[in-house]
C-alpha cells in the first residue's frame, strides 16, 4: 500500500515531496506596492476574473523568506523545508468579490514549488534574496527603524527578474491594501494525450484559504521596484508604471484546504 | 486570452514552465543494473503492477546528462533547458505486459521536473553528476575505451542518495535488458479540498511513449552502485542486494504523448 | 590605475571580490560544544600550537547565518553579501596563550570564502542551513523559548558533513567557553613554480582581531552533533567522542586587521 | 605534520581544496572573438602590460565546460572536479612579447576558483552554461556541422553577465588568433594588517605555463556576444564594439608551474 500526499508515493510515505496539510508557515516579507498598465495586465486574467475598477492596475510584489512545517517537526530539516519565494498579487474581482489574483510566483525549493502548484500558485524556480534584520545592532544589522533601508531581488536561470528597495518610515499596526483580500489562483495540470494538449485535466479557479494569518513587526515606508526584461519570462510586462509604499513585516499562517470557485474545464 | 502548455499561463505563452510537445531529448547516460530485495520492492508498486517473476527485483539506475528542445530552439537557452537527472526503473508487469516501472526520479531543473510530472515520473529536485568523456585525449578525458572508469552520483538537499561507478569492457550494438521495455509511471495530482486529501484529482497509470529512441556509443562493463540511507527519502530501501552490468551510452528520443493504461481514481 | 582590495583589480575597483576593511558582520548562530579525540586532533595543529591541556579536545562547531557590509551599503546587495557558514574552533594554546584554533571552515559565497582566506580561515564551499526563528508566533516559528528545538546541517558537493540539534533550556547573559578566546588561524598561499610546491609564499600564524563583538539573545541548552564520514574531507576525524552544551545567539562584530603571530615560512 | 597543497591543511592532506600539480584538464569550449574600446581597456592593464598595437582591443571570451584530474583519479569525483568557467583574454604585450592578458574569470566551483588564484586568474563565482553537442543525432543534439547554432551564457549572483551565440560554418585544423599566445595573469594576495591594505603580500605578473595543449574538433563560424551591465561588476566596460568569429572546440592540457615575469610589490 503506497503512501504519500504527493509523488513519489512510497511504502512509508516519507519520500513524498511534501507531507499532507495542515501546512504551517512563518517568515519575513519585504513587499512593494505598484501599479501596472491595466491595458496590459487585463490580458493576464483568466475567464471570469476582472481588474478591480476601483484600483486599476494596483498590485503588490512580495519577497518572502520563510520556514515551513507540517505535523512532524519538518522545521528541523532546514535544508528541505525553508524557502525563499517571490509572488505578485494583482487587485481584481471575481463575481463582484474583491480578490488578489496571483499571475506569477517563484520559489527556490522543490517542496515549495509543489505546494504552490497544489494550491494554484504558478510557481517556477527562482532565487530570492532580501536584506535581513538581525537582533544584534551593528553596521550590517538593518534594524527595523525609521530610515532603515532594505533591498530584495529575484532571479531565475541567471537572469535578474525583480529588484526592490524599501526605506522604512514608521511602524504601524495594520494597513489597508496589504494582504486584506482573498487570494485567488488557478490549479492547472495539462493532459499529454495526443490531441488533448490544450484540454487540461485540472483547470480550477480556486480561493486559497489562509488560516490564522498573523502579521507582526509591520513597518511601512517608501518603495522602489523594477522588473527587468528577460527572455522566457513575461513578468516585465507587469512592470511598474508607478510605485507606491514599501512594507516589511513578519507573518505566520496555516493552509489546509482551498475552495473551488469555478471549474474552467467546462 | 492566456496561453501556455503549463503554468504560469500568460499573454504570450512564453512564461510557461515548459513549451508544448513534441519534446526532444539527447544526452549521455551512465547506468548500472542491480537487484533489490523483492520482498521490499513489491511494496513500491501501485495496484495492478507486479514484479516481473522472470527477473525478481531486477532494476536499472540511470544517471542522465541531457539537453532538451521543443520547436523553438530551446537548446539555445542552455541555462534553462539542460538538465541532469537520475531515474530508477524496475522490471515489472502490467496485465502480463513486461514493463519498466519508475518509482523514483530526480532532476536539477524546474522545467524538467514539470515535464516529469506531466509524464508520470515522480521527480524531485536532485543534483546529479557523472564523469564526462571529452573528444581531446588526456589524463582527464575519460575516453570510451576498454578499462576506462566513469563515476556518477546524485544528492538532494545536501544528502548523498546514490553513487555509481562503471568500468567499461567492450563496445556493443545493443543489449537485452537496457531500455527495452515500455516505461510505466503514474500521473498523480492531489486535491487540497477539506476531506479530500486522499482523493487525488488525477491518478492515472500511464505508458510513457518514447518516440525515435536512438542509442549510440553503447559500452558495457562492470557496475558498482550504492544508495546511502538518508532522511526524507526511501530510495535506500531499493538498495542493491546484488549489482550487475554497468552501461554508458548516448541517446536521443522524442516525447509527444502518453497512453492511459488505467484510471486509479475509480 | 587598477583598484580593488582583492582580485579582480579593475578600473573602478567595484569588481573586486570583496571591498576593503573594515568589514562588519551580523548574524544568528547555532553552536554545539564537543570533545574530539586528542590523539587525533593533536595532529591537526600547526607548529607551535598545542591542545589546551586544561580542555583536552574541547571544541565548538558553529553554524552561522550572516549578513555583511563594508562602508558602501553592501548589505543592500543581499544576493552577494549574505552568507551561511560553518566553522570549527578547537581549544588550544600558543606560547601559553589560550586560543581557539580554526582547522576547518565552510561558506556558501565566494566573497565570504575570499575574506576567510585573507583572515586565515581555511574556507571551502559548503551549503549551510539552520532552523530560523521568526517574530510571528506559529507552529513553524521556532521561537527562542525553553524546550524549543533548532537544527542545523552543512554539506559540500552533495555530501552531508555536519548535523546538529539543540534543545534550548534557558536564556543567559554570557558563557564561559563560548567565543571567549582569540581565534588563531593560518594564512597560506602556495607557490606554483616548479620545485616550490611545498614552499608557500605566504604561511603565517595570525590572530584574527574581532572588534566590537556583541552577543545577544543568548540561549543555552543541550546539544547533539555528528560529522558523517565523507570522501575528500577530514572533518569526521574530529568527530565528537562526547557532546556538550548547545547554544543559540545573535552577534555582530567588525574586522579590520589581524596580527601576525609567526611567519611559518622561515 | 599537516599536509596539503592548499588550505585546509590536514593530517592526511585529502581535505585540501585542490591536490598538488600536475593538473590535467579537458573540456569543450565555445568562444567568441571581439574588439573592445582601447581607450577603456587600456585602463585594465597592470604596470608593464600594454595593449597590442597590432590588434587594438582584440579579445576573446571563452565559455568552458571542463573536467579536471590530478594524479589520483579526481575525475571520478564529478561533483567536485568538474567546472564550468568563463574567461576573457585580451591581446596585449609585455616587454615586446605578444601575450594574452586575463582581466576577468569566473568558475562555478571552489576548487577551480582556488586553482585559478594560484595561477593568477582572478576568478569569481559564476554560473556558466553552453549548448552541448551529443553523439546521438536528434533535434536537441546540436551536432558539429555547418549552420549548427550553439549558445552560451554566464551569470553571477543572479545577474546575467555574458551571452554568446555561434553559428558554425566550417571545420578547420588550427586558427591564428585563438590560444596562440602565452597567457599572462597576476597573482595577488592582500595583507590585512592595519595600514597595509594596499600593500599586497603577493603581487606577481606571471606567465601561466600550459603544457601539452591539444585542440581538436575545431569549428569556426560567426559569433555574437554581449556583456549586459550589472552592479558589482565591470566586465561590461569591456563590452564589444565589434564582434568577430565564433569558435567551438575541444581541448586538453596540463598545468604544473608558472613563470614569474615581474614582482609588482617592489
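We call the chains A, B, C and D, going by the order they appear; numbering starts again at 1 in every chain.
Just so we're on the same page, a contact is a pair of C-beta atoms (placed from the backbone, for glycine too) under 8 Å apart; a residue touches a chain by one contact, two chains touch by 3 or more.
As the structure is a computational prediction, the values presented were derived from the model and not from experiment.
Undergrad: Check B-D against B-C and say which one is joined by more contacting C-beta pairs.
TA: B-D
Undergrad: To lay chain A over its twin chain C by CA atoms, how big a turn is needed, in degrees to the nearest 5?
TA: Resulting rotation angle: about 180 degrees.
Undergrad: Given that chain A and chain B are copies and touch, would you call their interface same or different according to whether over half of its residue numbers are shared?
TA: The interface of chain A with chain B is built from mostly shared positions.
Undergrad: Centre-to-centre on C-alpha atoms, which chain is most distant from chain A?
TA: Relative to chain A, the chain whose C-alpha centre sits farthest away is D.
Undergrad: Can you work out the whole-Å distance between the CA centroids of chain B and chain D?
TA: 34
Undergrad: Go ahead and note the Å separation of the Cα centroids belonging to chain A and chain B.
TA: Whole-Å distance between the two chain centres: 30.
Undergrad: Using Cα averages as centroids, what's the distance between chain B and chain C in whole Å?
TA: Averaging C-alpha atoms per chain gives centres 39 Å apart.
Undergrad: Of all the residues in chain B, which ones touch at least 2 other chains?
TA: 77, 79, 127, 129, 153, 155, 158-159 - these are the residues of chain B that touch more than one other chain.
Undergrad: Please classify the inter-chain touch graph. Allowed labels: line, ring, star, complete, other.
TA: Here the contact pattern is complete, since every chain touches every other one.
Undergrad: For the complex, which residues does chain B have touching chain A?
TA: Residue list for chain B touching chain A: 1-2, 5-12, 14-15, 17, 20-21, 40, 43-46, 77, 79-80, 103-105, 109-110, 113, 117-119, 122-125, 157-159, 186, 188-190, 192-194, 197, 201-202, 206, 231-235, 237, 256-260.
Undergrad: Contact residues on chain D for chain A in the complex?
TA: Residues in contact with chain A: 127, 129, 153-155, 158-160.
Undergrad: Which chain A residues qualify as touching chain C in the complex?
TA: Within the complex, chain A contacts chain C at residues 24-28, 66-69, 73, 75-79, 82, 127, 129-132, 134-142, 149-153, 155, 165, 212, 214-217, 250-254.
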